[in-house]
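Each in structure tokens, the structures are laid out below.
Shared chain: chain A. Partners: chain B in the first complex, chain C in the second.
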Partner chain A sequence: MRWSAILKRLALIPPTLLGVGAIVFVLLRVVPGDPIAMMIPPGASPADITRLRALYGLDQPLLSQFITWLGQVASGDFGRSISLRQQVFELVGARLPATLELAALAVAMALLMGITVALVGSLLRGTRAEWLLDTANGFFLAIPDFLWALILLLGFGVLLPLLPISGRLDPQLAVAFRTHFYLIESLLTLRLDVAADLLRHMLLPSLALALPFAALVARLLKAQLAEAEDQDYAQIARTRGFSRTTILQREVFPNALIPTVALSGVQVTLLLGGTVLVERIFSYEGIGNMAIDAVINRDFPLIQGLILTFAVLFIALNLAVDLLVALLDPRLRHG
Partner chain B sequence: MSTVLDIDNLHVAIGTANVLRGVSLRVEAGEVRGLVGESGAGKSMVGRTIFGLLPAKAAITAGRVSFEGRDLLAMPDKQRRELLGRRIALIPQDPMTSLNPVRRIGAQICAVLQLHLKLSNRAARDRAAELLSEVAIRDPAGVLALYPHELSGGMRQRVLIAMAFACDPSLVIADEPTTALDVTVQRQVLQLVERMRQRHGAAILFVTHDLGVVAKICRSMTVLHAGRVLEDGLTLDVLVKPHHAYTRALLAATPRADRPADSLRPVPPALIESLWAEAHRLDQLAARRPA
Partner chain C sequence: MADLVLSGPITATPSRWRSALARGGARLWIGGGLVALLLLIALFAPVIAPHDPAEQDLMSAQLPPAFIRGGEAAFPLGTDSLGRCVLSRLIYSARTAVSVALIASLLAAVIGIALGLIAGAFGGWIDQSVSRLIDVWMAFPPVLLSIVLAAVIGAGLTSVIAAIVVVDWTRFARITRAETQAQLARDYAAAARVLGLTRAQALRLEILPNLVPLIVTLLAVEMGIAILVEVILSFVGISVTGDTASWGGMITEGRQIVYQAPWIMALPIAAVIISVIGFNLFGDGLRAALDPVQRR
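After this line comes the complex of A and B, so read on.
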């Protein structure tokens, strides 16, 4: 991808975010449900309610509320959470790293599993084992992440209680962290017992997110491998005496990877969306879990902040996928 | 003269359809043999049999292929792979699709050199650059660092020719190596193949449907139709005194410098039909005879 193409994509980010912000802002205020009603103690007087509404600016007309909010956001102020009574920016900043670590682990596991299954499936082409593998893969693809979460919760949390099923870290391992990237920080500072405990907590939720995505990667990659294997250059490599595995590795895989990344990369956004339910099921303290509470409490500023965060993540992800595809495909790099 | 390739009574069927019906041909060391025939005659199937690249449903139903006295079809896969690319090499038909689009030219040439000649990285790169200058590529070091899409079709075919001769094979199978190129480039590529053959001392099985090319570069030739050999001999003899009516028809359909263009006559469809009918009759006869 050329620089001009990248710049064009970057230039589209502000208007996209503005659009997302406007839609969320309006939707929240049109849909029934009032944050003040959720927070007042029983027996509050109508005067109290009016005062609270004015405090959060909810008494203003919609347009002026939006413009005020926009101005604040532009200067880096995402407002105060109504239910948690803290700055949205700080709340999200403290929870986002947990979700990023969870999603990254899920993607890494999914790639490992998906690529392995696709390669093994390709080597088994035409056998009964290939059929079995394809069937199993279809099964994994058909079950959504939140169902996997429940299955894993029952399986490894309840029936065979091997792993923790809630939270991010054993409270007994109370350690002082300097950042909110607990896993990365504990690995870098070599506190391996902490890292191990974090991983044990992340394993089930990230597996739930990873399984359907792994199945998707496996299916896409396997189809692309079959197609690349039929190409002239792969056939001709056989006339040069290369073994089937060498050809798969050097000729077929790098070519099959390009469309696979392009097609499955955008699906990572689905995986990120999946964190909402999966984090909830495992009481994992990320932004997905936080989003559910924010919606239940009609916490307008927090919902807006979280949705903008997801929007930024989705945009960044799409750009990253396009850059990765260009990196893998020299024809695009020079095109 | 020793025989490099000896194909004897080769039968290949794809599903229930016969595509090679008893092909026999020999390539002597260092010679260029033309393999001529219309589209669908089975020319590429001969090469595919040698390289083990027959389609999935294809079966070799009879015959032997020996290379330098060794039975290619009977040897284990691993042994055959040691010969392929080193002793037997291919110049493919379409240079646009025959190179891996995501690997640099240098990596693709070096891989062959390292597989068969066990060269070090450094030595392989030097040898690859040498090979590129042999096929008249200027700035070989620069081209090694390029990707296929940065080269023209003619340049890519030069690269593929260099790769074919990289390990000094004794047999090169060139399957219509110029049909995908435009006319001006075709001549250069033909000359190049001929120069590389002399330099590396290989024999070539040159697959083409152009008798003009055969007349120019082949010492001997085989005419194939419907998977059968209709004519076989030294090019001079065949061109002067063709035995088979089909060969005569092919000759009459080939443009020549010493004849006006309007004397060209296409191969009569009736002749082609009768040849196919004969082939199918032979199939039925063979099917009735217990194997």
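After this line comes the complex of A and C, so read on.
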């Protein structure tokens, strides 16, 4: 049942991506700004402009532009960026790892914080401290990532300048990287000073992304823990003399985890979408920051490529969450 | 028989309202208070603001707030880099925020609820196509979609509102669709059919009133979101232009001189946070107050 649902979801991916592509394509073509006007040097002749329009296919009718683009995308060619004059595929490939590392760090931090808060909250059940924790949690949940980014920038970048507030790596630490996964690569090659500097740059933006997500995980998990603790099996374990902490750890937590993963997993896409602004605020060189520049520069091929990249990531994440839930849940293992 | 049905499901007697208010608890009161405060500030901006928000005084630019050394009593919260009164701009920005919040969330609600109701009630290919449309929408990063949209329409308040409506109608559509299906499966919906109500009548008289608590809650939350989207679009440089004051615009300007004058960025951030928390608490409180399950 569950597996057939996943298969059905797989089948829906191509039409969804096609829809995303079509909407972006049409939207961008009604933009009043002319991308060619932004790239020509002053004094270019009308003939030059016409040639450039033809080079980027902008002189064709909308439908034939779309079909050409679809055919190219299907064969892995996402076109050339108009403003950066490089292949979109290469540009996105160079920036995507930065965003993935940032998002992964944020998710890890959020899980750590969220699970801790939920467990502490469960142990405090029924006390005044629990109310305080819940209220604080609601506050963290209500403020979105980009506002946290601005608050953290103000707090730890300006008022109490402890951490860098811009970029991915100190330019003085210019080292050659073989991949674009700087953090993973520097950890694997044991260049710990570089890894430490990368982490210092990532700390504030990833914390901004992590805080609202951590609050969400904490709220969901805490509710599930409370529900699981009231179940018969937990009560029976209690009467058999196991301590509350042991039961929470061994019986209640694994059972509460499955619905929490199912409910919060989907929200990871929101965190990923949040990278757009948070990267912008901290001048972090990921695809989110690049996307805003692409919009400002009316760089059609780049915007299309970036939005498709985000859409693929969103869909892949949703699927991964479903698979994870299926793997975690013993009842679905034989299904 | 028909009269019985037409009397409507929510005929609130005063005691019912009172118990609903009690159920809402502190969240409803604090949230409602903050929202009311925001509305009042927006409404009476010209009365409260000490200066014209667009009035420039380059001689007294980047003054700190009056309670910090170097501040002037005439500018209680200091001035920005053009010498405009920060307090007055904060107050007038509430107008921008409230108009964006009200118009955008109501429009998004109308479109989303209509599509959600139709999809939930009629099922079949109609439901399939609305659901697919929602799926496609959900595959977009919302922030990026609103940025692209606002860029398409061009800067300005209308653009901000349009971006919010086009991006956020799915919030209402998804929940309305699911809830309509759930309500239609209940006995009272079947009873309405037995009584001879047409599908449209049943939707209007029976289903829609039962969706009200949910919709009101969503609306409150959506208004908070709308205020945030305005900030986002300002940050990218495609929100209101020129002299129109907005919190997003103030934050963006403040970001550029954050080392010299951190309060210019900090104060509008605080205003946004208070408003968003207010709308969230209000929504939470309303849900508790209006939830039909808890009404018994």
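To be clear about the criterion, the second predicted complex is superposed on the first by the 320 of 335 C-alpha atoms of A that agree within 3 Å, B and C clash if a C-alpha of one lies under 4 Å from a C-alpha of the other, contacts with A are read in each partner's own complex, and residues count from 1 in each chain.
Convention: contacts are C-beta pairs under 8 Å (C-beta built on N, C-alpha and C of every residue); 3 or more make two chains touch, one makes a residue touch a chain.
The model shown is predicted, which means the values in this text are computed figures rather than measured ones.
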First, second, both or neither for A:137, with chain B first and chain C second: neither
Touching partner for A:328 - first (chain B), second (chain C), both, neither: first
Which of chain B and chain C A:15 touches, first, second, both or neither: second
Partner chain in contact with A:251 - chain B first, chain C second, else both or neither: first
Comparing the two partners chain B and chain C, which touches a greater set of residues in chain A: C
Chain B versus chain C as contact partner of A:81, first or second or both or neither: neither
First, second, both or neither for A:224, with chain B first and chain C second: neither
Which superposed partner A:236 touches (first chain B, second chain C, both, neither): first
Chain C residues within the chain A interface of the complex: 132-133, 135-136, 138-145, 147-149, 151-152, 154, 224, 228, 231-232, 235-237, 251, 255, 258-259, 262, 265-266, 269, 272-273, 276-277, 280, 284
Touching residues (chain side chain A, partner chain C) in the complex: 12, 15-17, 19-20, 23-24, 27-28, 30-33, 138-139, 142-144, 146-147, 150-151, 153-154, 158-159, 269-270, 272-274, 276-277, 280-281, 288, 291-292, 295-296, 298, 303, 306-307, 310-311, 314-315
Chain A contact footprint on chain B (complex, rising order): 51-53, 56, 81-86, 89-90, 92, 94, 97-103, 111-112, 115-116, 147, 149-150, 163
Contact footprint of chain B on chain A as seen in their complex: 126, 231-243, 250-251, 254-255, 258, 328-331, 334
